[in-house]
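Shared between the two complexes below is chain A, which has chain B as its partner in the first and chain C in the second.
For the complex of A and B:
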């Protein structure tokens, strides 16, 4: 397995009595794009701020590029890019002024040409002040600022929130472009599962501050499935099967959403409850995510071992 | 080579399956013929805006199926159909899929003749192109 660039160990954060991040254990290897998903209020932003050392954990620890997040020296910070939720930039600065300001933090690696090309590609006026830009334009500036220092590790907090399809696509292109360079890693949170599906190699699912899944996107897509069992006379009263997420019954049919159960286990269960036949139905990522994080399932924890 | 591949996020087919199937179909239809070079993994990933690993996974599935071969250093090429072999398991799988389609057809109230005609007409769409491909040689 390749080098770990982001690692959290039992990372925990309370705001007063309320638990925002609960014993988060993550290891993200160099060279992948990792989609970070969870419902609103699941703790994604808090987790990201803890990883970057912008918040102090209540317990546990986090390391970026081998350094403790709460004491990242400038030499390490220079290798990390961060895009804040809502693209908060200094409103009174012009694009050119902001570039100059930002470049100072990345003295050896700022790519002037790359930044200029992106601003031109986005058709943005360099002299214009941030406060006079639209939300989409501000996001574009923020993307150019994040990519210009060619970061080794790029962390983006819901970067495409509220953006139109074209600008969202530019963010995805930016991520793919970055990952093509040797040894670059991206972690980004998003609610747009189609975007996550497009570019991510791995996904992290958290819910109520708890890690629910961390695996390759393909493993997740294979793991969550719906199976419809048909019975000759009546549906069994009790459904006792591992990995059960959701159960819906009709007179003759039982519709189960299962996670991490292979074909053989399904066949075996069907035999044990004397189902007449069954049908495995594929689900799309959005449906999988919704059923996986439905309130009834919040106590379940699924993690897959590295393949 | 024209970029005919269309990615549909949110479908119940994972993206690597979409890429695999669309390239397989292009080969079956003769849009891609033996010896044609597939785009480099990174190039196709950039164009489709998908993860390069997804393209690599699709290419390796195509290779497992014997549809393409990868020559180290020079790229991935559509293989010679004469070198593709189908074993009993492949044919069995095909027969099962046909059974499913025939069942659906019959359940829709179609007769045997209707089904034969439909099969013929669909087949022509593929064979026109692959015949042309043979004539060119």
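For the complex of A and C:
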């Protein structure tokens, strides 16, 4: 089994009475590109800040590169790149000034050429101050600053938030630059499922602070599916099937979104309710995510363990 | 290298306020000194004060020396103002505090980050006010300026005002770092700084004044370090 670079055990955080992260258990192996997805307020930023030791957990623990997150020494921080939410950098500094500032913290690992290449690739004016850059440009500077020290672990908090499609694509391609470097581990949170789909191998779904899924992207895509059952007469009044996320009825059809159900179980259920026929409809990741985390399904929490 | 990088950044962020404080201080004191030289020499000429009166115990307290009476409050207000502004700028204003996660995730200890801030602020006081204060003292002690040149205590009192400005900065920093509600313990830092000032003004002995300031600075510093190390960002 490959080395675990990020591990959380029952990580829990309360803000007063409000539960932000609830018993989060994660193990991310070295070299994994992991998408961290959840709705607004799901607890992604809190979880990331807990992992980085910027917040103290109410209960549980977190370890990065084998070290307790709440006591990360400078030597470990040096091996972790962090792109903050909203790309909050020192507004009065120029890109060149920020490069100089950042380089001072990575004396033996700063890659001047890589930084220069990224700045050129993103076509950023080095003398321009951060406050005069657009949102997208600030995101690009953030990424370049985080990648130039060649970190073993890169954690990004919603790095593509507020960026247009073209800038997002450029940003992701820049990120792939890091991924190409062997053995690098990336955890990035995002609302944009297309981004996650493009670069991630694994997906973490968090909802209201609770871990809902942690598996490979393919497993998630195979697990959440929509099935339309057609009935000769009328649809059954009660739908009793495991893994039901969502149910929509028309006069002769029943549209079910299911999770963790295989073809055989679907066929068996179709027979049991005397469905005339059924179609398994392909869903994109965004639809799957929305169905999977829809508020109406909170009472149907599906405890999903990786197979 | 890491500390100097942090220090440079902090000093650069203090720079506009340092310059403003220096300019205001020079402008105000040059006007006051011109008026004060004229008045004080007239007082002496018409025997309101005889030589030595102004340094006798019965008249003497902080800001009681005639020249200090005019310049002292300005130096105090300026120093406290600089302390407040730098404290608010570093620890209160959301635009700056939003960069905390980026700053904290540096490959240095939190103590180093805070030490850079405190060092930069001390340097801001030293660079923007101290040379001017030394210049003023040099000027007012020249024999041709005042009939009765101000004593050394005049100079030391200026230092007390400058240090009180730094104490105000520490109090503001402590209040800014606190995550409590403003009407509860968050106000402790600022209230403590205010109490230190009142205590200082009620003292006559310089030894007592410096003892009060030293003890209160130590208390504020220890609280700031503890709060900063425990604080969530």
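Keep in mind that, in the parts below, the second predicted complex is superposed on the first by the 298 of 307 C-alpha atoms of A that agree within 3 Å, B and C clash if a C-alpha of one lies under 4 Å from a C-alpha of the other, contacts with A are read in each partner's own complex, and residues count from 1 in each chain.
Here, a residue touches a chain if its C-beta (ideal position, glycine included) is under 8 Å from a C-beta of that chain, and two chains touch if they have at least 3 such contacts.
Keep in mind that what you see is a predicted model, and the values were worked out from it rather than measured.
Once the two complexes are laid over each other on the shared chain, residue contacts for A:195 go to chain B alone; chain C is not touched. Of the two partner chains placed by superposition, only chain C is touched by A:74; chain B is not. In the superposition on chain A, A:282 makes contact with chain B only, not with chain C. When the two complexes are overlaid on their common chain A, residue A:104 makes contact with chain C while staying clear of chain B. In the superposed pair of complexes, A:86 makes contact with chain C only, with no contact to chain B. Look at A:121: by the touch rule set out above, it reaches neither chain B nor chain C. In the superposed model, A:172 lies in contact with chain B only, and not with chain C. Of the two partner chains placed around the shared chain by superposition, chain C is the only one that A:52 touches, whereas chain B remains out of contact. When the two complexes are laid over each other on chain A, chain A has no residue in contact with both chain B and chain C.
Contact residues on chain B toward chain A in their complex (touch as defined above): 7, 9-16, 42, 45-46, 49-54, 57. For chain A in complex with chain B, the touching residues are 32-33, 169, 172-173, 176-177, 179-180, 193-195, 197-201, 217-218, 221, 282-286. By the touch criterion stated above, chain A contacts chain C in their complex at residues 49, 52, 54-56, 73-75, 77-78, 80, 82, 84-86, 88-93, 100-101, 104-107.
Chain C contributes residues 1-2, 4-5, 9, 12-13, 95, 98-99, 101-102, 104-109, 230, 232-233 to its touches with chain A in the complex.
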